[in-house]
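In the two complexes that follow, subunit A is the common piece, with subunit B as its partner first and subunit C second.
Up next is the complex of A and B:
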């Protein structure tokens, strides 16, 4: 095809698709918006009747419709800056309007005659809210790092302000959270403390394993076979399996008992998290250290460095991004896995998850699950910033 | 105030033998009034009774640490045995499970079962069982009322017969109910039926809201549910408990269980808890549980309101 032909086709198809993701998001949102936006149940246990977004009110319908059209149109905007701007604006608009509409619609559904009535968020809310999050991400994809940080912080602040304003208090999720407010801070700190301790301990345990795997070829396969095997044990089983040996230790070693090691609580949870954390740490560090180019090492040797100097001044700095990304995987993984710790008396956010599962109160499950997701996302973002800085260093 | 310093004193005296060999750190620890760690199982009633205990201890100026919703029975039991927690509500019938005496008929008698549990735990584990509530929260098998009517099932004998003839039963139950000798196995032996793994939906927690909901909505084909006889959720969701005419079940009366050392340090706990536990009969427990699990009220407030209504809390 000649250049003239190309130019001609471009001119004839003026409506060119420039962002497939945005188009998919718009279509998913449109389809999802017909599901239940809110679900109104006579009490906490009974099933609710659905209320769709299009029945909430005329102005609300118009706002959401306009935002969805904006997402759809963004897919066809040629200019990248404009497209990104439109996507972020519509995404942020969706997030804010979803919260406000859900809050006011729920308040309107409350009935003083029926104090047990529960108004839960339905599938349409979650789909549109997720589309909003993804549209924001897509819109920020090509933005400068400083804009990414500023805009996401501003948006997060806006959403937190809405939640804190009491606008959402009629929702079942807010009521479950309210009921747990006395214990929530303790369990949140317990969760974070458990994960932090696990990451630190796992990192120290990983050091000798990495050194052995990289510099002693004989140990390598044994180490990886063992760590891979550990990874295959289902988490609930590993947490449970540690109860017996630790109870034994606590019963026979008084020092262990004095410092609080026992068959239940933090000790088995910590050990389980450390065991799961070892594989990603050792694997990424191993890959990082082994991928140091041979010619770089040779050049260092040529400059007169001994083996130790090569390790500290060449190998380690070059492997640093891989080491940090290993830490990132372990942190995010531990935040999720620590949920199970609640089953063996170690507390944490899993307490709400399992209490909610037991009571069939799904909003109580979310009281534990949503902060866990947010923690994981925050930790991931933090590590991404660290990795970017480690990489960009000369 | 005078009271508190007296307990600290008793506690110190009782600990003297231990202190002689202990470090300066633990002496300082013993001097400060150690908080009582109150725990419960991870279920509605555990949370309710736990909050009642927390409120009563707090009102008597005993400092407490809240470990409610700690975990399933085995975990909570292991925790009190190791001293990680000090006080929690336990059911008299569960002593059969703890001491591997499932076959003993003593557990089917409220009074004798409590006395046996109390004696065994004091002797073997230095755990004190305070007088139980006058409620029997034993397990039942419940079915959808319309389904039970259609198949003419009202007692467990009817259920056993129907199951033996190949009735398509699927029972949702907790792991504890399925494993514990006094749970499903007792029903199966007494009434002569047996359910295989395919006829069971086993949940890890002990809460009946999930099992009842599963049966009410026939989730995953479930049409029968493990429940507690007094569950408020049963009637709320249209389920009926099948009558245990042959008394397969031991009596499960909730009682405060605490470590001997705590009992010595705070002997007034017995008198503090007794009046509230005496009020917790079947109906009261069902009503209070329902407020939490069905109406979605806060366990702490339900507990405090109940105590205030009976003049046990200011």
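Up next is the complex of A and C:
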């Protein structure tokens, strides 16, 4: 075969898989879309009757199918820019159409004869929605930072606009949100406040521990053994274990009682979150500070820097990316853990989760869980931006 | 003047250095040379108190090193670290400005000094705003040298400043260092394990072995009269005779009386160039002229051979 022939065959056989993730997403979505899109129950406690996507309507099915085909085809596009664009477009389309289809379909299912009827989102909805989110992420993966930010903000704004327009009001999830609208902002703020307080307090507590672990060789193993031990205590057990000593303090120290310290409430929750936060913080800061190259430290000493100057001018700046990534881990971890705090009366988004579990109302659980996930994702993204900036400006 | 007085250093009960006594005169370019692990870096780092001796004392200009706060002492001594050791989070210009800033120099003075030292170390202006990882190995070593020079210290310590460089760059940097030493008259202590580098740069050479001084002296002294087999091997065995010719001048073996010959050489040329001249012209005798070109005598090949033996 001549080289010209070879080139020709290569040109004709250009249909090659370029993005395995996109292919998997399309297949998962296709399989998942057979499940219940909506589930209709006569009341909050009864089991629901499934409504599949094609029960909802043919045109709706066609739209979703078209978007899935686009995801599938994107996997075979060779040019990265086009592939990413196609993936993001189909992902965003999937997200928006999911919300609109579910909203209108739910509205159509309302029945004045049955005012207690609940129209919940089914497995097909969640799978298709998740595939939409992942397709967007995959599509943005190689985009410039500015495009990432602009496109995700625009998409988030579109989704929020749909939710705010009242288009989704017939869904039981929206109705649960509506029922909780008086308490939701308070609990959300309490959740954020608890996490913020925990991260700040944990950071301050971590400072002496890190300094001791790095600069006093004797303390190192004791500190890490203790923190590792703390990390192995299950969260619910730790919250429980704190009740007894704090009740005792509250009973015997009136000042403590006055500022709100007690066996239940914010105090034990905060303490538990701080205790869990210490290990990741201390570990990453320790690694960051100890990884400062020995020759750089020797140069610093040799130039005539004293211990403080070496710490502030050399060790700390070089360890900064590690410190920030420790904060990131602790923030995201605390956002999730703070759910459990509701069990001991600290409030927060966990209130809805545990109330929902108690009442066997899945939608109410989601009222607590979905914002928690969104908070964690947002915090993570924020820290990633900070880390990228810390790295590029050393 | 840097003086070591019976200095010793122990690690885990093992003596790695000493007892070592040594004095480095003001304005010398003293080269510590020896095989890996013989204690060169240890000796060097004792001068700026990065390592404290376990016995004996070190004095700089008659002041014991231990009598000063270490940081103050180090800010007055330039230091080029063995493995570069540039601050990775600072641009080249900030690396160079390290000591002046520690000494709280004014901004304008620091900025002016950065440009000055960059010129001395032959660092291109465009490199000043780069980070160390954006430089080649040779450029990094130049920055290390510039950083050591920045605060204009009287003493400069250099730990293998030209290690891991190609021979051409290395020779160029050596030439720059020799010029710098010649122009400023600073006291420089330089560590290397390369005898040729020691011979090319040093006014005083200290050959070390297993924590002790095997021999010290001028390059010519060490080449001409190695005190032990170790030193003889280290300076290059049989090749030492050739090297020695570099350090001897024509005037040292000059014969009086003008023997006429159509090829000539000058009194201040080295014996090595005289020998090269004989080999290229096929003569065994050359006419010798002084600086002003007047014939002052002749040089014979057997005298050169004789000189290399001494």
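Criterion: the second predicted complex is superposed on the first by the 381 of 394 C-alpha atoms of A that agree within 3 Å, B and C clash if a C-alpha of one lies under 4 Å from a C-alpha of the other, contacts with A are read in each partner's own complex, and residues count from 1 in each chain.
In the analysis below, contacts are C-beta pairs under 8 Å (C-beta built on N, C-alpha and C of every residue); 3 or more make two chains touch, one makes a residue touch a chain.
Keep in mind that this is a model prediction, so the values were computed, not measured.
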Contacts for A:314 in the overlay, against subunit B (first) and subunit C (second): which applies, first, second, both or neither? second
Could you say whether A:299 touches subunit B, subunit C, both of them, or neither, answering first, second, both or neither? second
After superposition on the shared chain, which partner residues are touched by A:254: those of subunit B (first), subunit C (second), both, or neither? neither
Applying the touch criterion given at the start, work out whether A:59 contacts subunit B, subunit C, both or neither, answering first, second, both or neither. neither
Just checking: does A:265 make contact with subunit B only, subunit C only, both, or neither of them? Give me first, second, both or neither. first
Per the overlay, which chain contacts more subunit A residues, subunit B or subunit C? B
Looking at the overlay, what does A:342 touch: subunit B (first), subunit C (second), both, or neither? first
Just to be sure I read the superposition right, which of the two partners does A:232 touch: subunit B = first, subunit C = second, or both, or neither? neither
Residue numbers on subunit C that touch subunit A, as the complex places them: 45, 48, 50, 71-76, 79, 81-89, 98-99, 102, 131, 147
Would you tell me which residues of subunit A are touching subunit B in their complex? 43-47, 115-116, 118, 172, 175-176, 178-179, 182-183, 186, 236, 243, 247, 250, 257, 260, 262-265, 342-345, 347, 351, 354-355, 357-361
Which residues of subunit B touch subunit A once you look at their complex with the stated criterion? 42-44, 47, 66-72, 75-76, 78-79, 82, 84, 203-207, 209-210, 212-213, 217, 233, 236-237, 293-300
Of all residues in subunit A, those that touch subunit C in their complex: 293, 295-296, 298-306, 309, 314, 317-318, 394
